[in-house]
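Below you'll find a set of structures to go through.
Common to both upcoming complexes is chain A, partnered first by chain B, then by chain C.
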Partner chain A sequence: MTSVGSHPTETGRRDVVLAAREVAKHFPIKEGVLQRVAGHVKAVDGVSFEIRRGQTLGLVGESGCGKTTLGRVVAGLSEPTAGAVLFDIDSETLAAYDGGSSVGDIETAHKVDALTGDAYRRFRRNCQMVFQDSFASLNPRHLTIDIVGRPLRVHKEASGSGLTERVVELLEQVGLGRQHLYRYPHQFSGGQRQRISIARALALDPELIVLDEPTSALDVSVQAQILNLLHELQQANDLTYLFITHDLGVVRHMADHIVVMYLGTVAESGPTSAIFENQHHPYTKALLGASPDVDAAEEFTGLEGSVPDPAHPPQGCRFHTRCPVATARCGWEVDDVVRWIEDEPGAAGRLAGVKRDSAFAAELAFDDAATAAVVVDAIRSGRIHASMPEAVLKAESRDSRVDVEFGAVPDVELSVRGPGHVAACVHESLLDL
Partner chain B sequence: MVDIPHKLPAVAPSTESALRVRLRRVRELSASVLANPTTVLGFVLIVAMISMAVFAPLITEANTPDPYQMPRDWGALNEPPGTDGFLLGTTNTGGDVFYGVVWGARTSLRLSLIVVGITVLVGVLVGSVAGFRGGKFDEILMRLVDVFLSIPELIFALAIAAVLGPSFGNIILALAVVFWVKYARIMRAQVLHVKANEYVDSARIIGDSGWNIYRRDVFPNAITPIIVQATMDMGHIVLVGATLSFIGLAEAGLAEWGVLVSEGQAGISAGRWWASTFPGLMVFLWALAFNLVGDGLRDVLDPRTETAR
Partner chain C sequence: MTESTMPIASIRDLRIHFRSKAGVVHAVDGVSFDIRRGETLGLVGETGCGKSVTARSLLRLNPMPPGIHAGGTVEFRGAGELPVELTGVDESTLRAIRGNRIAMIFQDPGKALNPGLTVREQIAEVFYQHRADELLDDIGLTDRAGLVRTLIAREASLRSRWIERGLLRVPPLRAHRAALRRAVDDRVTDALAETQIPNPRAVMDRYPHELSGGMRQRVMIAQALACNPDLLIADEPTTALDVTVQARILDLINDLQRRHDTAVLYISHDLSLVRRVCDRVVVMYAGKIVETGPTEDLFANPSHPYTRGLLAAIPSASHQRGALAAIEGTVPELVDPDPGCRFATRCGFATPMCETTDPGLAPVAADHEVACFIHHPVPGGVGPAYEKAAT
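Here is the complex of A and B:
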């Protein structure tokens, strides 16, 4: 270990370094001159997980699903809108918290955005972060020695020649050296810059490092080097990682546990081996780009369509707009019909208005009766989606209007699929696909 | 890009230090500023004109009691340039044009330094607080900026100076009131832009204080457009100041280029070109010189070209 001096407050070495409980982060959408709040981007919408000491949690999902937002909340850079991030807590206490006992006391002692004074400082030094963009994360006007030495200065751990020696030590740990002390960030390659970021994150000898796509901006060959480095450092320094990536392959060999996120929520989560053996969510399958059964693999080789707007996430299962095996119970709603109309050459532009009673029931007004009839037919015949006729309670046209109503479906909950393995999907026989 | 750690020119580590590297960087930056001939021209002009302002009492004897008032020789009206004792001629009230040109440089330097000094200070302060802190203060500031920007700066300054009454001090005040808003707006935008960089988050992550983050990360990376703008305004403000003087908002008889141009314009139709031309030329050169240097600085200080080097 490279630590100099002792921590002001030694951590208790509790087994759960960090736990997220129903964490949400909603960004207000402001509109107009008066900057009225017109809605919220639900970037993260109720995510729970825990990271055990010395382990790596892989947080995986497509662009825009809220990984960075969640990582920033975890690292204490932004406050959650709801839910709690608990730091350095033992399993029993966490179980008590989940059971609802002494919630207040536990939050005072462990909830990141409630920590103050020494406890906050202890969290601050023990939770570091490495960002994707190595250029943006290093001040272009600072020399390597300033960048890597800064945490030591801030926490008054070293100064003068002691500081220089500590920085050299840190640089050597990440494969750089004394000759790099007095260089500016732009004088390094992307991989080297990422090494500097890692050295800075290591400086305070932290317990947890949030790695936000630390390699995705790098060349493939350099990626492997950095991944190896991270792995070695984890072994040597007893580090715990939250590893954020959009590429399941990257974390396959690093993560002990994987959380797959879709549109701000957890689609599936479980031990890495379990996830790679059996995906219980079509989205995970799609991310893997492979299914155990080659014949059925066809429909899983890629993801079609775009990620829906996180300000208006789909009902039921958030993935139902893109799911290749969606069923009648997956949350079909008015928006699905409206989206189809907007893309349908015969109907696009003829929709005059939508009067909603709920997400599941509305009156659609069209320019003419013919279009209304076409839409009703599309809903009933399964042209919009094969499972829609089964889900629809009412689809009737009155002149140029259409009354449509679907059975209301609650948000699909996570259910247990194995030890520590959960998935949010209502499909009965996904494993047979 | 291949990751080769030791590809860069090796320097003997023992002799290297942060100070040396920074000095080298300053040298490199100055060299690249001076590599541009138009920048050098602007720079030479500035040095010449500022020397003229600083050494005015040595170049031509100060008028008493107030050296900023034109000396009058009622016995030498409308003398052409080259007349004995009047290198650039005299005005129709016997004012020495050469004296006006030289001491006008001093007046202009005073004007531009005071106005740019005050407006940059106030603007950077206000813009920094608004951008860094955000919140109510920021909202109020942005409303104020909108109001200010809806009025053309010359008209605004003119109105203020007119209300305060004709004096050069009031012109300085009016320009200061008008110009800080521009800096506040630039600085606010810069601070917001810089604040979004992950190196600011990185500094928060290691637990550094807000003030340190402002001082070490935000300010140094936000300030360059202010430096460029301030350089340009050193010229621009003299132009605006001269315009206000020209239309009579300064004291009569002041050794100031705008006042002189105004005084001499009546004689132009009668062929007495010199009383207006020389001070007018000075205003032009002054504005041009700072503009050239400002342009040169912008090219060099632009962070994109800077990092590309």
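Here is the complex of A and C:
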């Protein structure tokens, strides 16, 4: 295979291509004529990981878990609200950063949104992105040669006939050819368009490519072609991938390391084999159980409920609202009671107001005393959740009002479960559950 | 054959073509299969293979023009009814079948539900269309003749004019109208409760955008099953949903199907799902059926090279990375296609004969048919074989 571009780069052979440290991205919710900020959607809320050179990191989760937002932050397409994305850094420096020494210097040299001038240009050319919808991410009015040649032109890598030759070379790398130079995106099939996106990402010989669901819109036979192509390119060009997907079959096939996200945070992260053999988070287990495998015959099951509102993420473990093995320590709170009331025939619509002291304590006002009594009974008897009576400190009704208080639970932190394997769950192991 | 063993729908040599600038596209070209009572039949294939066009022809939803019905029949036998040939039937008979005897669930509930109507209005429409008489029974207006009955009957079948609607607001009539509303609301609530929507009374007043994707799909299923149809067409019902929600929706369809003894035509490109859900499978490629058989048999002994290719292309734990068995090439243009096997251009086993002669479906095992010369007696010349290509 011919090498594309031999431009001078200072980015040497530092072993960690990209490290995220407590990255958060919050979007403001604006209300009213004055566009007052009424709250924040915490799309990504404190995520850390690192990708080593030549490896593939798989980022998995349901829609709305923040994986695409995180991908965009990592690629420098949007700025993180908090935390740092560090590019091209060696392990020792990263360890020093984590230890808190010379943070300022390291951030000036490696932090993506602090880079300026040449350093920033170097980051931009070394970090490319391939999007999910190839139809939307390719300009319909541009020819293939313009689309694939644009990065080369912007970075003044080539022009004139040299540019044409480089573009042909790139197209040949992705399985297209000279005959495709002067065609528009709509003249290609979905798989071919995704190949053009990949050729564009390869144009500047990057180190890292962020692949945001690159095969979700494709048929299985074409998906196989693209996955094979991505693997060949990785081998030939020593590429590092951040592979964002919801398809566990694909991620198992492609990734060396997996990060499972739920509602903006990491639920579990570890080497692919560890994640698939021994899950330490019930969410990972549920995801695996829900995705049908053509070989396996066991029953597949889903999850109750839907992803909670990321503007008000649940306390404790964010997954406790849907978790099949939730305990009293998982963060039962006022919102769980309110959600139950909203879905309960007879109680819904009778809730007049909620006066919150904290996420764990509040006074609920109802239209009548009977409903209040029903709610108190539901909390105490475990009808809302079996482990709730154990977590509740106070649940008393006064006429049509209910005072409810739960024991405050801190956020569940990631804990080590094996070499490179961490999970955020109160259970030590899920094997005997 | 008695009525109960007769298939609920029989498609015979169906040909649907589309006129385009480049020529006539043979989107569906000679497709025949039966849907049996109470079974789940999977219709599998890649984008553009004609699976949705085939399914839509059961409800005559393909736009004509540019579509051309170039031949074939679709016969539907509803429970206790005479067979109807759907491609030639008049519009009013078809309206009585659509949404009533044959219902459909679409891929994207966000697009298929009307964003301007509440959930109540969307589902109520089905009852107004198909159950107007029963609604009158519900409110006890069975045998009373006269103005009230006429007005309410017109209201219940969505045929009242503005002046009639105005009349129904006048006090003595208003009570009947309110009773009708209550009767409809009860039915809508029951339909929603069937799909395990928590608190259906509250969901009823919401608009589609206020619901999550899984919830919207439940609303669409409630709408489709409201009249207890004989045949449900599910066109990739879970493609737009997350895997965790997908499993729930499939369980739900399965459960409702068993309780109501509905036949389901399940369209999907996802073989692993089809394997879980379906009793029998039809595999389509480029407008033709290449293989059909019982799910177990077809997945244990996939006999067409295309079916084998599709199965091998699914990434799994056993594959070496970068060594997925992709089917090379792309789906052929369906403008004036060649007479031979349509898979010949991408098939690793193709012989010259495959390009000139269409193999046609022939049985390889009980109920299992394949359109490939590897399994057929060859009319002349040398046929392909798996062994030959392997050497």
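What we mean here is this: the second predicted complex is superposed on the first by the 413 of 433 C-alpha atoms of A that agree within 3 Å, B and C clash if a C-alpha of one lies under 4 Å from a C-alpha of the other, contacts with A are read in each partner's own complex, and residues count from 1 in each chain.
Just so it is clear, contacts are C-beta pairs under 8 Å (C-beta built on N, C-alpha and C of every residue); 3 or more make two chains touch, one makes a residue touch a chain.
If you're wondering where the values come from, they're calculated on a predicted model, not measured in any experiment.
Visitor: Looking at the overlay, what does A:Asp219 touch: chain B (first), chain C (second), both, or neither?
Guide: Both partners, chain B and chain C.
Visitor: After lining up the shared chain so the two structures overlap, which partner does A:Gly191 touch, if you call chain B first and chain C second: first, second, both or neither?
Guide: both
Visitor: Answer with first, second, both or neither: which of chain B and chain C does A:His231 touch in the superposed model?
Guide: Only chain C; A:His231 stays clear of chain B.
Visitor: Considering only the touch criterion stated at the top, classify A:Ala95 as touching first (chain B), second (chain C), both, or neither.
Guide: Neither partner.
Visitor: So in the superposed three-chain picture, is A:Met254 touching just chain B, just chain C, both, or none of them (first/second/both/neither)?
Guide: So A:Met254 only meets chain C here.
Visitor: Touch test for A:Ile29: chain B only (first), chain C only (second), both, or neither?
Guide: A:Ile29 sits against neither chain B nor chain C.
Visitor: Examine A:Asn139 and indicate which partner it touches, taking first as chain B and second as chain C; both and neither are also allowed.
Guide: In the superposition, A:Asn139 contacts chain B only.
Visitor: Would you tell me the residues on chain A in contact with chain B in one complex that are also in contact with chain C in the other?
Guide: 189-192, 219, 221-222, 225
Visitor: Under the definition above, what is the set of chain A residues touching chain C in their complex?
Guide: Going by the criterion above, the answer is residues 62-63, 189-192, 219-225, 227-228, 231-232, 235, 246, 248-250, 252-254, 276, 286-287, 289-295, 300-304, 306-307, 342-345, 348-349.
Visitor: Residue numbers of chain B touching chain A in their complex, please.
Guide: Those in contact with chain A are residues 1-6, 8, 10-11, 13, 16-18, 20-21, 25, 197-199, 201-208, 212, 216-217, 220-221, 303, 306-307, 309.
Visitor: Which residues of chain A touch chain B in their complex?
Guide: Interface residues on the chain A side: 72, 75-77, 121, 124-125, 127-129, 131, 133, 136-143, 145-146, 150-151, 154-155, 175-184, 186-187, 189-192, 197, 200, 203-204, 219, 221-222, 225.
Visitor: Over in the complex, which chain C residues touch chain A? Could you list them?
Guide: 46-47, 198-202, 212-215, 242-249, 251, 269-273, 275-276, 299, 309-311, 313-319, 321-328, 330-331
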